[in-house]
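Quick notes on the structure that follows.
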């Protein structure tokens, strides 16, 4: 079962077990270029773990993850990032002691080695790119603000901005609208709709309305396995899915 | 080096050396149990652990003097009372320290390290002012200081047996407290999820204080027992700190069984190496091995693999 | 090099008489035949190098650890030095001048010792310093004393291998302490094999080296040699090794807290030292240490030193009495404490012999100085700046005191660089 | 110009550097005699360690309890050179083997061991002063940070390393001088380091090197690397998923800290005239952390003041009230954690700086300082 070269991401037989408990069990799925894949599933289905495995945060027990024909499971997190995979965490993860500008600057894809970082110069190109991204994520007026003082929603945006500045080919978002006010949620949906153009995206989300808006395909996970996969309409009609969500 | 000895002698030596290893193991277990509770369960780095042990030793010293002066008839039994007192005095001080110091620092483990180091200096100075700079000689009842001749060659030190029995007893007590009592459930609930534990009605502040107190109390008992084999002076506690931490960390901080397993492996390694090498080199090699293994396996011997 | 004292007996008797006649205990020195008044010794004449000497006062330094791990050991030395200074002052001081002391804390930290030594010499211009305990602290201050030409009285028995023009070593160097003891144990106890044990640092290692050479010279056997880090508290393995090797003598140079652990564990392991099978001979346990170890745990051991509190001579009886009067009844006095007590007296004798406080003149005057009032008996300064003194063996009793079972007939010559032992 | 354009120095930093330079190069040398000046020189050698700790611990969140190891290694490298020079055959003619260091002679070693040989060369020794500790730090760093050992575990393991090295140095006394250390160092290329003139000169060399290190530390802090360190302390995972190999940065800053400590150690040896294992072990290593904490774990300038103040207090208090000193030191540890977690620098920025900047603002109406962050918060976070 060779990975088809036209897939951007190939996940096959991916397995991880924690002390015997298989959180992800022989999982396979494929993501095409420019696809927006939404992963849904009940709590404990292994959604976040899948993202952790792809980006190298958790080491897999078996299987393979290929991205642009590179085996990600053997790579370090930062190498995976450089290969073109960006990851947003469930809770907003920003550098609270730094300003918005500095948060974005650190994510700017240059000067990533130790000495590169030491020699890194904040030139006009960097500044204009940061301004551009800040505008995209609605933070252009807060560049000098310390990240600790941002609202929850603003932190989520900032983290998305930090990913955008890397310009990844595959963007993985873990519950990007969780904990947001209705207004922020709307703004975020708009932001994401803009962001997911020109790249592949994997999103974990519970908000079905939101999922319907953005998903190309939907994968339903249950107990570490794929329960159903297909268009939104397809999975919503799948009796197995209904069983899992409504049954018991 | 064994050519000159008969099989019988060698057997006896190996038996006694094995026994020496077991005594060392018991010593390590006693040292580490209190810390395993405090560091392993609460995540507090208590650098004053050795001073709590010495507090127990001083309590034993005072009790022995008291008995010698007022109850000489019961002197041979004073040690048991001394250990109980040591538990409560060290535990009481522990709870006081938790209230005054530690509770402000639960989110800053590295800062507890500094603060408790400061505490250890203060305690040392207090011991020095109260008991003098010199070591105090704790009189041990005679029946505890002899040895049991098993065969002509094999003699077993009674204080060694005592330390071993104590180690087993306290380990069991701690195990029952942590894993079989409702209090233990509360402690583990608080360590795992403080907010949730608070939400379901556990008095987290009280649980913390009690846990810290019990950890210190166990240290006090250990110190009391160590008057039989070590010295009691203001700075004696500092000698234990590195070994103690290594035992706990090597075992995998959160695991009681790990602490015991690590105490066992470190003590056996050290005891065997001490027999074949010089004492200093044995110590260096033991520490190096532990550090080396920790570098390869930072989570320690026993650690649950968890989703981060 | 050698200058054997002509007749050590006679001055001893003289001093006994002096004590009996004089009201003050440890009163007279041979070099104080008449009352010296400061006016006989004008300051300008006795102090040509700008030391802290006035018409009625002379300042010296006391430099020991008051804090830190060494405070335990050094306290006794400070007490002894203060007692000696008080007694000298009570007798009218030195060249008619009262001794004033400046005490500094070395804090068990070697650079602090060096720093404080420098302060005493450079800022305070002290005429001499009583101080140091560990070899490490002495090594740290030594260059300071040599550079600023100070004069140090060092009280501890030590490893030797040193002979500074700026130090008088009032304790024994290693050969003085070791050789007589080993000779005694082989001759009286018929010992044939030895197990050497020590804390891991220079003094035990050097001492054991000398002991080993001497044992081998006598055609006897060393069956084991072991060192443990300072502060080590687990000795069961080495005790097993001792059982395995069955030596006649355990030669122990364990120090500090390790001491307590070692003797307690030895006893618990069923090695009863009173049975002398094996016999234990130590050079590191004075009466001071026994307080921590507990007399019942070390009873039966032998120690080889130059001084024991139980020494029965009038000098010592008076000394012990005065010491207890000043520092409390329950105090014990160890070998080093006594050696520290000699410091101010030896300095006084040297100053009076030289008729000057100048360091160079004192250095010149020091060799040959005799002290008949020493609690240990008669001592004499050798040209190599160490003391001629007797070596004694004490037998530890349950009450924490030693009973003197042997002393060398003559004073033992100090030999800090022993040929054939290095 | 300097202030706004490249932002190397903020106003605060400029004032801080200026005042410190004034203190070290003008006030102290004028106000103190040679003896006291030498003492301050010794205190300042600890400031090197404290600066390194600000980078490692304050910025990067890596608490090393083994800085004494690097201080000691640097000091020993220097001491080995000086000892060889002091052990000329003429100076050591009373030994049984003249021409070797005295402690080797006492231990029946009859020739200088091979790994001592290169220390005949000053150049080699000076390189070794930095390189030996840095290589050692690199090995520890690679082993630990690659395996993601951090926080408390790192602290305890570095502490164990300090213990191991101390036992080893003491145990191998024939090669290291044992517990006494390497003592009686006299000259550097024939120049007597014990004279008053030499002490004064060494003090200024020490001060110069300290400022060189301060500039380097400032360079690191002001570069993106400095911000990455803070970022790592806040959210290590995020840094990783921004494409950085976090371990490399930790290794770098740990090595930098080691190098600073080593320079301090070498200057210590030169100024004090000996080196011994009592600067390597657990207690001195923890005391070095307190210097940094008292100064303010986030401020390199504060670290220097911390080193000066704590050591000065140690000297003075232990002279006046030896009993109280340990209580005071212990209390200081607790106070620095509970009451003023940002140390002297925190007190300065809370109480003094606002007034000074007010004066400066009147002269140069400046934009706000970009590198500034809320110290109280960061300290709490740093500790997490």
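Letters A, B, C and D mark the chains in the order given here, with residues in each chain numbered from 1 onward.
One rule holds in what follows: a contact is a pair of C-beta atoms (placed from the backbone, for glycine too) under 8 Å apart; a residue touches a chain by one contact, two chains touch by 3 or more.
Remember, it's a predicted structure, so these values are computed and weren't measured experimentally.
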{"item": "Any chain that touches subunit D and subunit C", "value": "B"}
{"item": "Chain ID, smallest distance between chain and overall C-alpha centroids", "value": "D"}
{"item": "Chain located farthest away, centre of subunit D as origin (C-alpha)", "value": "A"}
{"item": "Which of A-D and B-C has more C-beta contact pairs", "value": "B-C"}
{"item": "Centre distance in Å when subunit B and subunit C are each reduced to the mean of their C-alpha atoms", "value": "38"}
{"item": "Subunit A and subunit D: spacing of chain centres that average the CA atoms, whole Å", "value": "43"}
{"item": "Between subunit C and subunit A, distance of the C-alpha-averaged centres to the nearest whole Å", "value": "76"}
{"item": "Approximate Å spacing (C-alpha centroids) for the pair subunit A, subunit B", "value": "47"}
{"item": "Subunit D residues counted as touching two or more neighbouring chains", "value": "167, 170-171, 323, 326"}
{"item": "Shared-contact residues (touching 2 or more other chains) in subunit C", "value": "200, 227, 229"}
{"item": "Sequence positions of subunit B contacting 2 or more other chains", "value": "128, 278, 280, 283"}
{"item": "For the subunit B and subunit C complex, residues of the former touching the latter", "value": "5, 9, 13, 16-17, 19-20, 23-24, 27, 128, 133-140, 145-147, 149, 153, 155, 157-160, 228-233, 235-236, 239, 270-271, 274-275, 278-280, 282-283"}
{"item": "Touching residues (chain side subunit C, partner subunit B) in the complex", "value": "69, 71-72, 75, 200, 226-229, 231-234, 236-241, 243-244, 256-261, 264-265, 267-270, 288, 290-297"}
{"item": "In the complex, subunit C residues that touch subunit D", "value": "66-67, 104-105, 107, 109-112, 114-115, 118-119, 122-123, 134-136, 139-140, 142-143, 147, 159, 161, 200-202, 205-206, 209, 227, 229-230, 417, 422"}
{"item": "Touching residues on subunit D, where the partner in the complex is subunit A", "value": "219-220, 223-225, 227-228, 230-231, 233-235, 237-246, 248-249, 252, 368, 370, 373-374, 377-378, 381"}
{"item": "Subunit B partner contacts - residues on subunit D that touch it in the complex", "value": "57, 63, 65, 143-144, 147-149, 151-153, 155-157, 159-161, 163-164, 167-168, 170-171, 282-283, 286, 289-290, 293, 323, 326-327, 329-334, 336-338, 341, 380, 382-384"}
